[in-house]
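The following pair of complexes shares a single chain, chain A, combined with chain B in the former and chain C in the latter.
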Partner chain A sequence: MAEPAIKNSEQIDKIVDEGIDTGIARLTPEKIEQVINKVLKTETGARLKTYVETCVHCGLCSEACHYYLSHDNDPKFSPAGKVKQTIWEILKKKGKVDPEFIRRISRIASTECNLCRRCAMYCPFGIDVAYLITIVRRICHMLGVTPLYQQDTAHSHSANLNQMWVKEDEYIDTLQWQEEEAQDEIPYLRIPVEKEGAEIFYSVIAPELKFRAQLIYQAAVILNVAGVDFTMPATPGWDNSDLCMFTGDNEMMGRLKKAHFETAMRLKVKRIVMGECGHAFRSVYDVGNRWLAWKMPPIPVIHAVEFYYELIKEGKIKIAKKYEGAVTFQDPCNISRGRGLHEMARYVVNATCEEFIEMHPNREHNYCCCAGGGVINAGPPYKMKRIKGNRIKAEQLFAAKARGAKVVIAPCHNCHGGIEDIIHHYGLDMELYFLGDIIYKIMEKPV
Partner chain B sequence: MHNISSWAWEIGKKLIADTGKWKDMFENIEEPYVSPDGEKIAAVVKTGEMEFSVCENDAPWERRFDKVWYLKFGPDNRLTALVSDTGAWTVAVDGDVWENTFDFVWNTKFGTDGKNITVAAQKEMEYFAVTNDIPWETGFSSLSNLTISRDGKRVAGVVPTVDVSEGEIFKFQEGCYSAVVDGKPWDTNFVNVWDMAFSHDSEHVAAEVRTSLYDYTIAVDGVPWDKIYTSVWMPQFSPANGSVTAPVRIAGKWTLARDGNPFWNRSFAQLWHHMYSPDGKKIAAIVAPKFGRWTVAVDGKPWSLTFGDLVTEAVFSPDGNRVACIGKEDGKWTIAVDGKAWGGVYDMVWQPVFSPDSRSVAAKAEKNGRYTIVIDGKPFKDSYKALGDPVFSPDSEKILIKGIEGDADGGKYYRQVLPITDITG
Partner chain C sequence: MHDIYNFVSGPLVWVSFIIFFGGILYRLISMAVLAKKKDVIVYEYMSLQYGLRSILHWIIPFGTVKWQKNPIFTIVTFTFHICLIFIPIFLFAHIILWKESWDISWWYISDIAADVLTIVVIASCIFFLVRRIVLPDVKYLTSISDYVILGIVAAPFITGFWTYHQWPGFRIMGIIHILSGEIMLAAIPFTRLSHMIFFPFTRGYMGSEFGAVRHAKDW
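So, the complex of A and B:
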């Protein structure tokens, strides 16, 4: 299949976004040219050159992308199409592009690609379009053109070292509150704060504090019942998430990861166990640590899926009665394609649920939720675009439902947000859970 | 630690508390903390339904609280805890509470002699610091990066100085934050202010700042250096001449700058946590000479020994001639001193401590769930269920071991003073 010509490239959507609009108004062609060339010269190298020179425009990657499939194979949503509209154009014009062009590429890079890397698996040359789109985001960041909600999240990260403007005392207070609540159920339960020398630092993301405190409650129950020696810090550095990685603010990304790992070192823990979040895992395991010159995370990081696998396999968590509804499972890109945790996830699902119905495709071939890569953080202005950009996920879920699945398990915060919207919009009428929700429901608890 | 010469340094072993018995006294006992001099052991204990206290050497404090956390001994061996009584929070020191109460308190900090105790506090959504029960006169809409001077008399932090709401991204980028010292903000606003340090005389403050989304530098008493960098890490004042140094990032590499000028003549893949020798003549830092390899550099010269996982908690000897640090390779932890690693590897090691004469180095280490003290690479034969940090005697000949003996079910806490030769042979 040859790569189709790009039509409708002028058909940019009319979403008002102050972050982009105000940013654009401040640009001049000279500034654009100078910033682009600086980024290209000082921050990119052989990899960009190779990718650009290697791509034969074959279009084999197109059908990998949920945006392309969901938009009736519109070539402007194909991976190579997005590259063609952005970085190729930049290179071709040697950075001599106008502010309107920047508006377009900011939209494409920030809201039409989840950096999910699915396409890289289908390219015969392994070209990583996500990497190329990341360069576009970096250029947009350096030009000050980022969607408002994403930028605001990056600001929160910078001011508070967490993504939701959570103040130092609010965080500690929430832990104490969840501890008290959970003690009604398990009187001996603790969320030990600042316990130096604990085995594990349990790290979370700010939305758990703000909207999903029950996840902290449930994690506390699971960790206490399993007899895990864990702690949580009483200082910033507790949030493992990282939207700065997605806005292209690499310097802030590094600062966030430094705070996170140094918190682990100060607590003298052996491992960091993080909650069910995909992108944060990518940041601590791959991107952020490397920006700081750590080849691997200095303190090993274990994703919740792997941790649950350990707890169940080692018999530390016992199942009282398997969950009865038929479930399907969303493999989050960052931990399946990114880290290969999909078989462990299946072990956990099979150990905890009566009936598991695979969605297709699955494992590392699963479609992205369309929320990841910072796209959901672009906020309400792009919500419909995000939902429409993943009609294919609705179809995929519907097919699983037709085979009996009533519940979707998604062990990733962004997947959760994205799939929740898809379920509602497309009227799928399925329930949505984290793995922790299921384990909490069905585990043996002391009476 | 403070006034070490007044501690008991006679060789011998003394039972301080039968912590195993605490189980019979209280419904629940949290993890124990040991005072710097080893004379006290304490833990948060549950004394009844929604009722907590602190048990110190076999006896609970008289007062009961509905919540107690953040148990911390100060350098003068006083015991502090953050306590709440019917929802009103304050600080308890050796069982007595401060008069002022707050909606929340956290982040207890001490000056070197322990006399001054500071916490961050929030009351009616106003944020401020409180030192020895005296709150700042002004409150702010948040407070972070609480930092105290060496003597504990001065307190700094980061506060918003311009009202900015979530979503006001362009206002945020104009600079809405500043450092605050003793309740008084600097005159200059920044996009961000992060880690900061006081000068040795407590008169000045230097901080990491960001003046736009892209421009980082160091501000001293509110005045930014005239150079900008793509990133910076925490600055330090020279104890010798008051100049300010900081790791700075230039063209993707890190080096050390002084007062805005290049200082070290080479760069690294990473450079952070630099520190001065006590006399201020030398600077050591944790560096990555290349991606994925970590070591210590003294005055810009890296050790040839490197570690793959990490290097952390470096420390100068009192005479300034030696440096020790923690290193980790392939998941195993050890101590390195002057570019040489100890032979043994451990599941965890704690910050190394130099003897006052700078000759010996001791560290707490963990293997298979038990703890011991290692001196100059030689582990003590006894292992413990829990252990405090080792302390050398003022004459450098003895070591204080603060250890809980026993297994998971029982435990007795002993304070023991040994000649170091009992360990080093």
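So, the complex of A and C:
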């Protein structure tokens, strides 16, 4: 009558991941039990208890999940199905589980759930599965079992306070490099570093330094043309990203956010404006601040989409000629479900592009890109799993393409990474841009 | 037989009501205390306005995208839940019992209406049962306790229907009916039926997070 959480034949997951494998090798059942119970006892309470005891096993959340839909409605990928394989088992066995079990739940929590929170909108009770999966990640973190690439990113955060091992001089150097490049186009352009009392602290994520430096160039052009009084710090604390939030390393998440907020305070800015990144926004606006006991961030945090909206609405950026060709728009989870920016985004898209084609579902109901929640950071071993886990996104994009969309705009780094792979793998032949790419292309610039 | 009848329709009723109301109170208070100790976040972010906004959408049939996407389920579950509360309170036979015991009474539904609605409840239970057996994702989540809970809910209606129509063995069935009703009341606070108590809080909390912090809809 009752189905086992995992059938024997499915226990062997062929993906080799040194981070998980090495972590598992160090575990003993005693240690596992002790850690699990410590986390449950000290860090969980009424929410976990209510969510587990209220869930009536109805399966209404299933169709919310892109993994479930992409795997031909495989029950193991439904949100509650993932909770059954992890939290329910842990509670049922009171933490008395073996290392192989930890391997499995680490995989499920880190590479089969993007913490996108879509299922909270499909469960009538509003059970927060993302929260439950976060507890699993926390347990795995405390046990030292995290996908290697994810952990490497977390290590980079620990060592450098940024995501990609960017050294302090490299960071400043890149800013100056992009400033010089952009001065060829706009001679008066500056990227002011360490300007105390500026209106805005423009914060970015490390990948922008490492391999998407043109985004800094473009942002500098937009900010300068709009006449915005902004600055970027010269010290660690400039990176707003946060993979520690996703590995379950809450302590490190707290350190990162503290550095970020303190940098803003030191520079005496009025607001933090961040580039087009979803997870970073979630961390600074919603999660990391809570760890530091700030109910809301101690300083206003504005995502790029909202900032562009302001600039265009107030006429600070003028459109020379709208972008030609039909575009569709990917609503990133962390700024639609996470901040309700979808209407502002549509304002910007409509203001800058000639033809806008909605993909369906959209706004709060949009499917996750399957890269967020730290999943893309689990790295190459899981790349195909991630792409196949979001076939539904390919279908969604294809439907938009069938109605004429040639370009996908995704104002989020994770969405970008995820959708780029999906476009490539499924042969969708669509172009992919950030909102900033489009604005930079079509805005009026001083001659 | 009379002794048993008197026992289940007398002291056991009191016991079940005490467990039901006491249990609800206990669950609510103990959860509130636990939340205060371990999940202060819930108190901090709970918003009356946004909590109610979300609850309202979810308790209106087709008030959410989810309800719209599964019309059959929506109709069944709403009808089922309404009847589940409505029938026992407004059934003529029950009102007579209230009248005899405490001399209180109120509006009641006709016996025919009660019959139809009871069949609706039983049919809904069968729908939920079939769903559990047939749909792979629901089947995967289902444990024996889910069937037991469904049985606990269906039993008072099946036995009540049986008794009213005086089918063979209806006297014993009548006793089982009372007993099963008592079991259901007592089970509500301490099983997954407690979603009756906690729904406003879980939904309200999610509605608060989505509304007040994330400025987004959660329906």
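What to note about this one:
Please note the rule applied: the second predicted complex is superposed on the first by the 436 of 447 C-alpha atoms of A that agree within 3 Å, B and C clash if a C-alpha of one lies under 4 Å from a C-alpha of the other, contacts with A are read in each partner's own complex, and residues count from 1 in each chain.
Heads up, the rule we're going with is that a residue touches a chain if its C-beta (ideal position, glycine included) is under 8 Å from a C-beta of that chain, and two chains touch if they have at least 3 such contacts.
Only a predicted model underlies this, so the values are computations on that prediction, with no experimental measurement involved.
In the superposed model, A:R255 lies in contact with chain B only, and not with chain C.
Of the two partner chains placed by superposition, only chain B is touched by A:V193; chain C is not. Once the two complexes are overlaid on the shared chain, A:K295 sits against chain B and chain C alike. Look at A:G340: by the touch rule set out above, it reaches chain C but stays clear of chain B.
By the touch criterion stated above, A:E395 is placed in contact with neither chain B nor chain C. Once the two complexes are laid over each other on the shared chain, residue contacts for A:S158 go to chain B alone; chain C is not touched.
Using the contact criterion defined above for the overlaid structures, shared-chain residue A:K270 touches chain B, although it does not reach chain C.
The contact surfaces that chain B and chain C form on chain A in the two complexes overlap at residues 43, 290, 295-296. Taken in their complex, chain B has these residues touching chain A: 28, 30-31, 67, 69-70, 104, 106-107, 120, 122, 127, 142-144, 160, 166-167, 169-170, 172-173, 177, 191-192, 194, 210, 213-214, 216, 230-231, 249, 251-252, 269-270, 272, 288, 291-292, 294, 308-310, 312-313, 328, 331, 347-348, 350, 366. Residue ranges on chain C touching chain A, taken from their complex, read 31-32, 34-35, 37-39, 41-42, 44-45, 54, 58, 64-66, 69-70, 73, 131, 135-144, 146-147, 149, 192, 194-195, 198-199, 201-207, 210, 213-219.
Residue ranges of chain A in contact with chain C, taken from their complex: 1-3, 43-47, 49-51, 53-60, 62-63, 68, 73, 75-76, 78, 80-81, 84, 120-122, 124-128, 286, 290, 295-296, 336-340, 361, 364-365. Within the complex, the chain A residues that touch chain B are 18-19, 22, 42-43, 141-142, 144, 148-149, 151-152, 155-156, 158-160, 165, 167-169, 172-173, 176, 188, 190, 192-195, 197, 234-236, 249, 251, 254-255, 258, 262, 265, 268, 270, 290, 292-296, 298-300.
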